[in-house]
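Below, chain A partners chain B and then partners chain C, in two separate complexes.
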Partner chain A sequence: MSLLSIKDLKVSLPVDKERRVVLRGIDLELEAGESVAIVGESGSGKSMTARAIARLLPRRAVVSGSILFDGRQVLDLKDAALRRFQAAEMAMIFQDPRVHLNPVRTIGDFLVEGLVNTRGSSKKAAEHKVIELLDEVGIPDGTRRLRQYPHELSGGLLQRVMIAAALASEPRLLLADEPSTALDVSTQSDVMAIIDDLCKSRGMALMFITHDLELAAAICDRTAVMYAGQIVEVQGSTDLVEHPRHPYSAGLLGAKPNVSRRVQRLNAIPGRPRAAFEVQNGCAFSDRCRFASEECIASEPTLKHEPGGAVRCFRADDLILNATEGAVL
Partner chain B sequence: MGRFLARRIIICVLTVAGASFVIFASLYLAPGDPISFLTAGRPSSPELRAALAAQYHLDDPFLHRYLQWITDAFQGNFGESIARRRPVLDLIFANLPTTILLVIMTLILVVVVGVLFGGIAAFRRGPIDDGIMAAMTVSLATPAFVSSIFLISVFAVGLGWFPVFGPGTDIGDRIHHLVLPAVALTIAWWPVIGETARASMREEHEREHVETARSRGLTPQHIVRRHVFRNAAIPISTVIGLSFAGLVAGTAIVESAFQLNGLGSLLITSVTGRDFPVAQAVALLLVTVFAVTNVVVDLLYAALDPRVQTSWSRK
Partner chain C sequence: MTSSASIVEVSGLQKRFGNHVAVDDVTFTVPEGGSVGIVGESGSGKTTIARMLVGLEVPTAGTIRVGGRDRMPHASVAERRRRARELQIVFQDPYSTLDPRQTVDSCLDEVLRLHRPELNRKGRLSRMNDLADMVGFDSRQRRALPRRLSGGQRQRVAIARALAVEPSAIILDESVSALDLSIQAQILNLLAEIRSETSIAYILISHDLAVIRQLTDTCVVMQHGRVLEVGETGAVLDNPQSEYTKLLRSCVPGPGWHPTRLRNIFPGGS
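This part shows the complex of A and B:
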């Protein structure tokens, strides 16, 4: 049995008087200790997927489908049972640690808060434990750091503090929502390396949300590409980067500037990203896809499972896509 | 931090000094001649007028008079009341306890009622929130003298629970006498704290760091106490400081309605009676309270927000 099993997850949020669909049916499995990346543009629903798992969606969100964690239905958890799940089974790391830490409380308060309030450990024992964890994430002088406030630390250090806090509860699943995007380039790779190492050494499953396909491939066993509130392709990370099956995945790979080659003009996918609620009939990507046929415009493809992954494209078998050139027929 | 504080204190002193000049000057610019008040409008001999002018230094150059006044004031000598023939300082000390007690009682009521209902409104969206918001609007729009009259007619005259007027004698009696005036002032001031509490708690509850706390499985009570209220306390304390300063100056109407011998009523009677030494002294006292409150609010800010301490020590 998978650690995490998501089936037909749909989410809509109230905007003004209407409801806006943000997830249009997500299917994804994650084994214990496995790492999966969710890649997509802003607004594709990748953060929403993580928030649905962590049960952090806005109060008036309408959610349907199923999220099984170790066989338990996460969507049915309430009050104390929900808090136990959040406190013990999962942990989440957010994009910008500067705003995700309370600015008026010390690093120490933040780090021991979970252990003291949800695990009933003593403050002293908790402090001892988090100082060790700080050392593990590369912050040696933990005792001093505990007394500091978030504004006294750099973004990179704060993100390490966030990672230490996530590890403190010894979760089985780590949700990392663009954990390196808001950081300086020089600290990005450090933070990613720490997450990668710790997940592997502790056998923690990782769901890594990013818009960087190559970073995803470097960290995660598998990669899922999202577009307009759906998964359009899942594959082993290396396979996906080398042989993308969906035109959108190929477009994303092609849009990444290549440092070894000068080009006249950077590749870009034409048009603008579709939001989930804007999608009408047909494939959500059809209006931007060079290969769209009449079938693609008329009806919506399903996520078709195949050896090693799944792809949501009518023409997947007709196309041979090339990552570096964008896409060629 | 020391330097920042020193600078705040210097600004505070300069504010009071500047205000003292305006206070002193404006009373002389006001229509009406102090001497005709001193003689109560009766015909008076030029000798008497000259003697009065000399006693109150009315013929000295303006700047000289101002410097004389401010130097005396600095030494605690505000001169003598024209109307009551008593040292101004005695009058102020006689009236101070009522105002201090009234302001303290009101402040406690305002903070408790404001934070409680502001907090309820912040977290109970829908009819409860709407009801509290409506109550705040009505309450804020009700002039203090109207609520004073209402309270007197219902609770003092009608039910007889509280005395109608006067400041009372011993401390228990004083508090009993000041309940209705404090309630009248609370009606006018609680929406100020309540609205700030509601807005800041709601804003803080939407913050990302609260999302982090929720993702860690902390109880809603813990999150509200340690994250929402703790952080909202920063803007709330600023408004409490402003309310304190506003209350000290704003007790006048309620003191008149309940015939209390407070600072506010002293200011009103001295202004209408052209008792200029008293009016000047009370006005200067109020300005000083304002300025000092500002410094205290700054200190409070630093105590509650570690980011402010850091920026102070950098300056």
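This part shows the complex of A and C:
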């Protein structure tokens, strides 16, 4: 049995008195200790997927489908059971740690409180554990850091504090929503290495949300690409970067400037990313796709399972897509 | 490099905030129609340089020459307006620099009236048509308010507004960093096209080495306010000389790349 099993997850949110669809049916499995990346542009629904799993959606969100965590229905959890799931079985880290830290309380208060509340540890034992955790995430002088306030720490250090907080409850699933996007390149590499190391050494499953396919490939076993509230392709991360199956995945790879060579023109995808609620009939990507046929405009493809992954494209078997050129027939 | 061929010359530039030296002894030149990248992480001083170039900060020491003329602080209104015609800037977040109640067309019209007083109504309209074509706006988008536009479209407005002035150079301060990848590629292509058509010069400030590679000829690598390395962009990125540039280069994800913990590189951590 998978640690996490998502089936036909649909979410809509109230916006200006109407309902807006943000997820149009997500299917995804995650084994214990496995890592999966969710890659997409803004509005694709990648963060909403993570928030739905963590039960952090706005109060008036309408959710349907199923999210099983270790066989239990996450969508039905209430009160104490929900709090236990959120506090001890999963943890989530976000792009901007400052939003999630109380600026008038010390790092020590923040880290120790979590342990005292969820594990019933004594304050002294909790402090001891927290200093160990800080060392594990690359903050060697924990005793001093515990007395500091968030504004005294750099973004990279704060993100490490958030990772330490996430680890404190020894969760089995870590949801990391663009944890390194706001950081400097060298700090990004450091923070991702810490997350990667810790997930592997602790056998923790990781769902890593990012817009960067190559970063995803460096960290995760599998990658799922999302577009307009749906998964359009899942594959082993390296295979996806080398042999994308969906024209959108190939488009993303081709659109990215390369640090080792300059090209005459980048293979930009025309138009702008569609939001889930804007999708009419047909494939959500068809209006930007070079390969769209009449079938693609008339009806919507399903996520078709194939050896090693799944792809949502009528033309997947006709196309040989090339990562560096964007897409070729 | 002789002054006749350079549009921007920065020499010995320094900026102190109290005891903190944000920019220290920075020297570089931007040739006419050239493209210079300034690379660095947060706190490297790259944005402070941009702000000094456009007159939003006063340098503590050093000189800035644009179009062969020194930029002394405390200029008159007429002088500031003249300077705006030489050097324009596009920021990372265009939304905060666009008037929320002004349509795209009205924004461009205002800039043209201010900086191109020789144009009559018809002349302005024709110039607005050209600008809208250049950045790919249709008539409906031209009548739209900023909040109705996407992030990529707002950045196009900011670029069109900068181009309206017909400056000799545009400073792009992390102008494509916040954009989605598919949109970022469109804007990078647009910027490359504009440069080949108009012989405008770019000063591109970015932390993203791939963007620097794609759009610049020369690059300046900065750390803690100082220049560590200057050279042809391809050479600097393929064969970095300073340890810091090597570190930055090694942190860019690509095939076969794995993230590394900094503790191994800098004992003791940050």
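Here, the second predicted complex is superposed on the first by the 329 of 329 C-alpha atoms of A that agree within 3 Å, B and C clash if a C-alpha of one lies under 4 Å from a C-alpha of the other, contacts with A are read in each partner's own complex, and residues count from 1 in each chain.
Operating definition for what follows: a contact is a pair of C-beta atoms (placed from the backbone, for glycine too) under 8 Å apart; a residue touches a chain by one contact, two chains touch by 3 or more.
What you see is a predicted model, and the numbers here were worked out from it, not measured in a lab.
Within the superposed three-chain model, A:Gln280 lies out of touch with both chain B and chain C [touch as defined at top].
By the touch criterion defined above, A:Gln73 reaches neither chain B nor chain C. In the superposition on chain A, A:Ser122 makes contact with neither chain B nor chain C. Looking at the superposition, the partner that touches the larger set of chain A residues, chain B or chain C, turns out to be C.
By the touch criterion defined above, A:Ser299 reaches neither chain B nor chain C. By the touch criterion defined above, A:Asp96 reaches chain B but does not reach chain C. Of the two partner chains placed by the overlay, only chain B lies in contact with A:Phe85; chain C stays clear of it.
Judged by the touch definition given at the top, the superposed model places A:Glu113 against chain B, while chain C stays out of reach.
Contacts of A:Ile139 after superposition on the shared chain: chain C is touched, whereas chain B is not. On chain A, the patch touched by chain B and the patch touched by chain C do not overlap at any residue. Of all residues in chain B, only 207-209, 211-219, 222, 226-227, 230-231, 234, 304-307, 310 touch chain A in the complex they form. Considering their complex, residues 54, 56, 82-88, 91-92, 94, 96, 99-105, 113-114, 117-118, 149, 151-152, 162, 165, 169 of chain A touch chain B.
Chain A meets chain C in the complex at residues 41-42, 138-140, 154-157, 184-190, 192-194, 196-197, 211-212, 214-215, 217-219, 241-242, 251-252, 255-263, 265-270, 272-273, 288.
Interface residues of chain C facing chain A in the complex, by the touch rule stated above, are 41-42, 150-153, 180-186, 188-189, 192, 207-211, 213-214, 233-234, 237-238, 247-255, 257-263, 268-270.
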